[in-house]
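I have placed the structure first, in the form of C-alpha cells, so that the comments after it can refer back to it.
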Amino acid sequence: MNGLGALLRRDLSLAYRQRAELMQPLLFFILVITLFPLGVGPEPNTLKMIGPGVIWVAAILSSLLGLERLFRDDFQDGSLEQLILSGVPLAAAALVKVFVHWLTSILPLIIISPLLALFLHLTEPMYWALVFTLLIGTPILSLIGAIAVGLTVGLNRGGVLLALLLLPVFIPLLIFATSAVESASMQLQYSGQLAIIGAMFLFSLALAPFAIAYALRVSQT
Amino acid sequence: MAVLSTQNLSVIKRDRLLFDQVNLSVDSGSLLYVKGPNGAGKTSLLRVLTGLVEPESGIVFYQDKKIQKCGEDYATNLVYFGHKLGVSGSLSAVENLQYWCDSHQVKVDTNTIYQTLEKLNLVGLEDIPVASLSAGQQRRTALARLWLKADAKLWILDEPFTALDVQGINVLSDKLIDYLSKGGAVIITSHQLLELDYPTQELTLEYRI
Amino acid sequence: MWKWLHPYAKTEKTYWLCQTLLPWFSVLGLVALITGAIWALAFSPADYQQGDSYRIFHIHVPSAILSKSLYMGMAIAAFVGLVWQVKTAFMSMMAIAAVGAVVTFVSLVTGSAWGKPMWGTWWEWDARMTSQLVLLFLFFGVMSLYKSFEDKQQASKAAGVMAIVGIINLPIIHYSVEWWNTLHQGATLMKLDKPSMPLEMLLPFFVSLVGWSSACGAIVLLRIQNEILRREMKRPWVIALAQQNVTQSNTATK
Amino acid sequence: MNGLGALLRRDLSLAYRQRAELMQPLLFFILVITLFPLGVGPEPNTLKMIGPGVIWVAAILSSLLGLERLFRDDFQDGSLEQLILSGVPLAAAALVKVFVHWLTSILPLIIISPLLALFLHLTEPMYWALVFTLLIGTPILSLIGAIAVGLTVGLNRGGVLLALLLLPVFIPLLIFATSAVESASMQLQYSGQLAIIGAMFLFSLALAPFAIAYALRVSQT
Amino acid sequence: MAVLSTQNLSVIKRDRLLFDQVNLSVDSGSLLYVKGPNGAGKTSLLRVLTGLVEPESGIVFYQDKKIQKCGEDYATNLVYFGHKLGVSGSLSAVENLQYWCDSHQVKVDTNTIYQTLEKLNLVGLEDIPVASLSAGQQRRTALARLWLKADAKLWILDEPFTALDVQGINVLSDKLIDYLSKGGAVIITSHQLLELDYPTQELTLEYRI
C-alpha cells in the first residue's frame, strides 16, 4: 500500500512539475471547441445540434493526445524497470498511473465543459447528460488506451495499435453518449444509456489493469 | 544456502546465442565479477538474474526458490542498478530517492537522504531537477540507493563506476567492501579494472558471433 | 542605430534614463486620465442610439488600441534584444508583457460588459473577440515561456522569438471585422478618411488615450527599473544607490 | 547542398522506419471524420454545411498531433547538436525537416480527403476548393508550429506554446478556407481567398526557417 | 598559429560561476587533457569550445579567428563527441554514419564505413538498428566518426572511453596517437586515467560550490 501511495504522490508531483504539458489536452479541447464555431458558422441552432458530438469527439481526441506520454518517460529513463522490481503489484501500479493521468488531464476537461457547453448553446439538461456521460465514459478511454500504450512503449510505435484498439470502444461509447444527450434535450430519461456506459466502465476497470501490467512486463524483454 | 544461483541459463538475442549453460552461485558475503568484452551479454545476463527478462532456458533461484515464485520477497532483498538510471529528470534528487525508497518498502526519513547525498558530494544540488546535473552527478544520485537500501541481501550492479571521478570510485568501492563484509552479496560488471581489496569470484563471458 | 543604442545596453545608463522619464510620464498620465474621465463621464453628450452605455467606449477603445501598441512595443524590444544582444531590451520586453496582459484583459472585460447591453450576450465567437483573446494568451505565453527556463538568458531569447512570431496576430485583430461580418463594429476611428464620429465625443477619447498611454509608459519604466535593480543586486552602483536611499530616509525621519 | 540531400534522405528513411507512428495522424483524421456523422446525426444537409469546417478542424488537429515529435528525438539522442555542428545552414536544414514532416504526415490526409468528403456529402467543386486550401494552408501550420516545437524542445513541454502560437494562424486560415469552400459550393470564384492563404504561406516560408533555426540554437544552451 | 585558443572564458550555470578566466591554446599535434571532478564544468567548457553554447564572457578563436565568424570553416575541421551519441536508434550503424558523413561534408563510400566498423569489432552488426546494440557497441558506432573524418584539424572528445572494453580503449588510444602524430589537435576529458604515450598538456578545473 505504501508503495502505491508513493507512486501516486510521485506521479502527481511530476504532473505538477510538467503542468505546462498537462495544459495541453485542456488547451486542445478549448481549441477544438473554439475553432468549430469559427469553421462551421456561429448559428446557434447548428451549434446546439452538433454540440454534444463536438464535445465528445474533442474529449476523445484530447485524451489520446496525452496518453502516449503515460509510460514513455518512465520507460526511457528506467523508472519503469525499477517499478517492476520494486515488489509493488504491477497491475495496481498501472491502475494508479492511469488514474493520475485521468485526474490530471481529463478531469479538467470535464470541469470546464460547462463553459464550453454555454458557448455551443447547449441547454441545461443536455449539459448534465454530457457531464455524466463524460465522467463515466472517459475512464474507459484511459484504461483501454493504456493497454495499447503499454504494448508499444518499448517499440516506440504506438500509433496504429492505439487507434485500432480504441476504435471499437469509441464507437459504441460515442453512440450511447450522444444518444443520452439527445434524450436529455428532449427531456427524456437517459439512465439506460448511462447504465450501458457504466457496465463498459466496470468491465474495463476489472480487466484492463492486468492487461496493462502484462504489456509493461513484455516491454522489458 | 546461496543467495542467488542459476541452473543452465541460456539467452538468445536476435537469433544469436549469447551464452548457454551458465551456472553460477553467489553466497552471502561474496562478490561475483562478470567480465567480458562489449556485446558479450553481461547486461543481458544481469537482467535475467533480476527477473526482468525471461531466459531462453534455465532457471534462476533466489535462496533455492525460483525467483518467479518468490514474489515480493526477492524484490525487497534486491537492488538493481542498470545502464538506465531510473531517476526522472524533472524531479530533484531528494524527491527521486524518497519515491524510490517508498516504493521499494525502504523506510527512511528525509534527513538520511540528505546525509547520503552529502556523502556523495552532492551538497547544494539536492533540490534542483536531476536533469540539470552533470553526467557524473546524475549517476551519483542513482547510486545513493545503495546507501539507503544497504540491508538488501543482493546488489546487482551494471557498470556502476561509469562517469564517476576518482573520488566517486573510491567512495563506491569502500561502500562495496563495507557491504560485502557485512554479509551482502554483489554481482557486478565493470570495464574499469575492479581493484577491490576483497576476494573476487569471476565469470567471463565471451563475445560469440 | 547601434551608436545610439549602445550606451543603453548598460543597465546603469538605462536606469537613469528611466529615472528622468518617469516623472513626465506619471504627471501627464495622471492629468490626462483624470481630465479624460471627467470629460467623458460628465460633459460629453450621450449617444443617440446607445444612451449612456456607450461611455464604456472611453475605456474599451483606448485599452484595445493600447493593447496592440504594447504588444508591438514588446516585439520591437525583443527584436532589438535578439539582433543586437541588448540585455536591457529583454528586460523591457518582460516589463511590457505584464502591463500588456493587464490592458488586454481590461479591453476584454469592458468589451464584454458593453456587449451585454448592446448585443445581448457576454461572449460570441466573433473573430475580433477571439483574436483579442488570443492576444491575451500570447502575452501569457511570453511570460510563461520566460518563466519555464532556468537560464534567464536562454529564457529571454526564447520568449523574444515567441513575441516576434506573435505579431501576426495584430493585423488579424484589426482586419478581422472586415473578413468576418459579425457583431463587432468596424473601424470608425482608425480610418484613413474622416472619422465618423462627432468631435465632442472624439476629443475626450483622445485625452483618455493619451492618459492610458502615459500611465502604462510610467508603469513600464518602473518595472524596468525594478528588474534592473533585482538582477544587479550585487553590483557596486546598486549598493551605493541603496545606501544613499537609506541615509536619505534616515535623515528624513530625524 | 549535399548535406541537405543527406538530411532529406535520412529523415525520409527514419519516417519509413517509424511508419506505424506516422499512421497516427492519418488514423486520427479518419476517426474524427467518421465519428462526426455518428455524433451529429447523419442528415446530409447538416453534414454538407458543417463538412468543410469539420475537415479543416480535423486536419489542423491531426497536424498538431505529430508535430511535437519533429525535433524531440533528434534533441534527445544528440543528432541535433551534431547537425548544428555540421556546417549545413541550419535554416535550410530546418526547412527540410519541416518538409519531410509535412510530406509524411499531412500529405496523406489531403490524399484521402476525397473519400472523406464523400462521407460528408460535399459536392465536387467544394471538394476541389477544400483540397486547394488544404494544400496551400497546411504547410503554414507546419512551419509556424515548428517554431514553437523548436522553442520548447529542451523543456520537453511543447504543448501549450504550440497551441498558443498556432491559434492566431488558425483563425484567419480557417475563416478563409471555409469561406473559399462556401464560395465553391455556390459556384463562385474563390481565387481571392486562395491568394490570401498563398500570401500567408509565402510569408511564413520566407521567415519561419530562420526563427526555427534560432530556436534550435537556443535549445542547446 | 594555434588551432584553437580562448581568451578569458567564463561560464555561469544556475548563478554559479563554473570557471572564469580560462585561457587555453591548442596547437596542431598537441593533446589537451581537461581534468576535474564530477560537475566541475568540463562538459560545459567543451560545449563552449565547439560553439554550441555562448560563454558568459570571453572569446573562442579558431586559427586566430572568432569561431562565430568562421562559418563552415570551423565546422568542416571539427569533430565533437559528447555525452549524447548523436546516432538515432532506429537506423543502422551504416545508415547513421553515412548520413553523418554526408551532412559533415566528408566524402566516404559505403565500403570504407564497413571497414571502419570492422576495425571497431562491429562485424555483423552493421545493418541492425543501433538501439538493439549493447551500450559499448553503440558508443563504438559513434566513435567510428573519428576514423571517417581523420582529416579534421581538431577533435573535441567528452569521455570517449566510457563503456568501452579494454580492447576498445586500446584501439581508440592508438587512433588518438596516430591522429596526433599526423598533426591533429585533440581536446579530451576522461575520468579513466589517460595513459597515452604522448606529451600531454593538462588543464584542471575545480569544483566550486
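Points to keep in mind about this one:
Letters A, B, C, D and E mark the chains as written, and numbering starts fresh at 1 in each.
As a working rule, contacts are C-beta pairs under 8 Å (C-beta built on N, C-alpha and C of every residue); 3 or more make two chains touch, one makes a residue touch a chain.
Each chain and its UniProt protein: A, D = Heme exporter protein B; B, E = Cytochrome c biogenesis heme-transporting ATPase CcmA; C = Heme exporter protein C.
Owing to the predicted nature of the structure, the values given are computational and were not obtained by experimental measurement.
Within the contact network of the assembly, the step distance from chain B to chain D comes to 2.
By number of C-beta pairs in contact, C-D leads when C-D and A-C are compared. Chain centres here are Cα means. That of chain B falls 30 Å from that of chain E. Centroids built from CA atoms put chain C at 40 Å from chain A.
One inter-chain figure worth recording: chain C and chain E are separated by 49 Å, centre to centre, where each centre is the mean of the chain's CA atoms. Centre-to-centre spacing of chain B and chain C amounts to 58 Å, using the average Cα coordinate of each chain. The set of chain B residues touching two or more other chains comprises 83, 90, 132. Residue positions of chain D touching 2 or more other chains: 18, 155-157, 160-161, 164, 167, 171, 175, 221. Contacts with at least two other chains are made by residues 127, 130, 144, 148, 150-151, 153 of chain C. In the complex of the two chains, the chain A residues touching chain D come out as 18, 20-21, 23-24, 27-28, 31-32, 35-36, 38-41, 46, 49-50, 52-54, 56-57, 60-61, 64-65, 156-163, 167, 170-171, 174-175, 178.
Within the complex formed with chain A, the chain C residues making contact are 123-127, 130, 144, 148, 182. Within the complex formed with chain E, the chain B residues making contact are 13-14, 36-40, 43, 83, 121, 123-125, 128, 132-137, 140, 159, 162-169, 191-192, 207, 209. For chain E in complex with chain D, the touching residues are 47, 50-54, 71-72, 74-76, 78, 80, 82-91, 95, 98-100, 102-105, 129.
The touching residues of chain D, when paired with chain C in their complex, are 144, 147-148, 151-152, 155, 157, 160-161, 164-165, 167-169, 171-172, 175-176, 211, 214-215, 218, 221.
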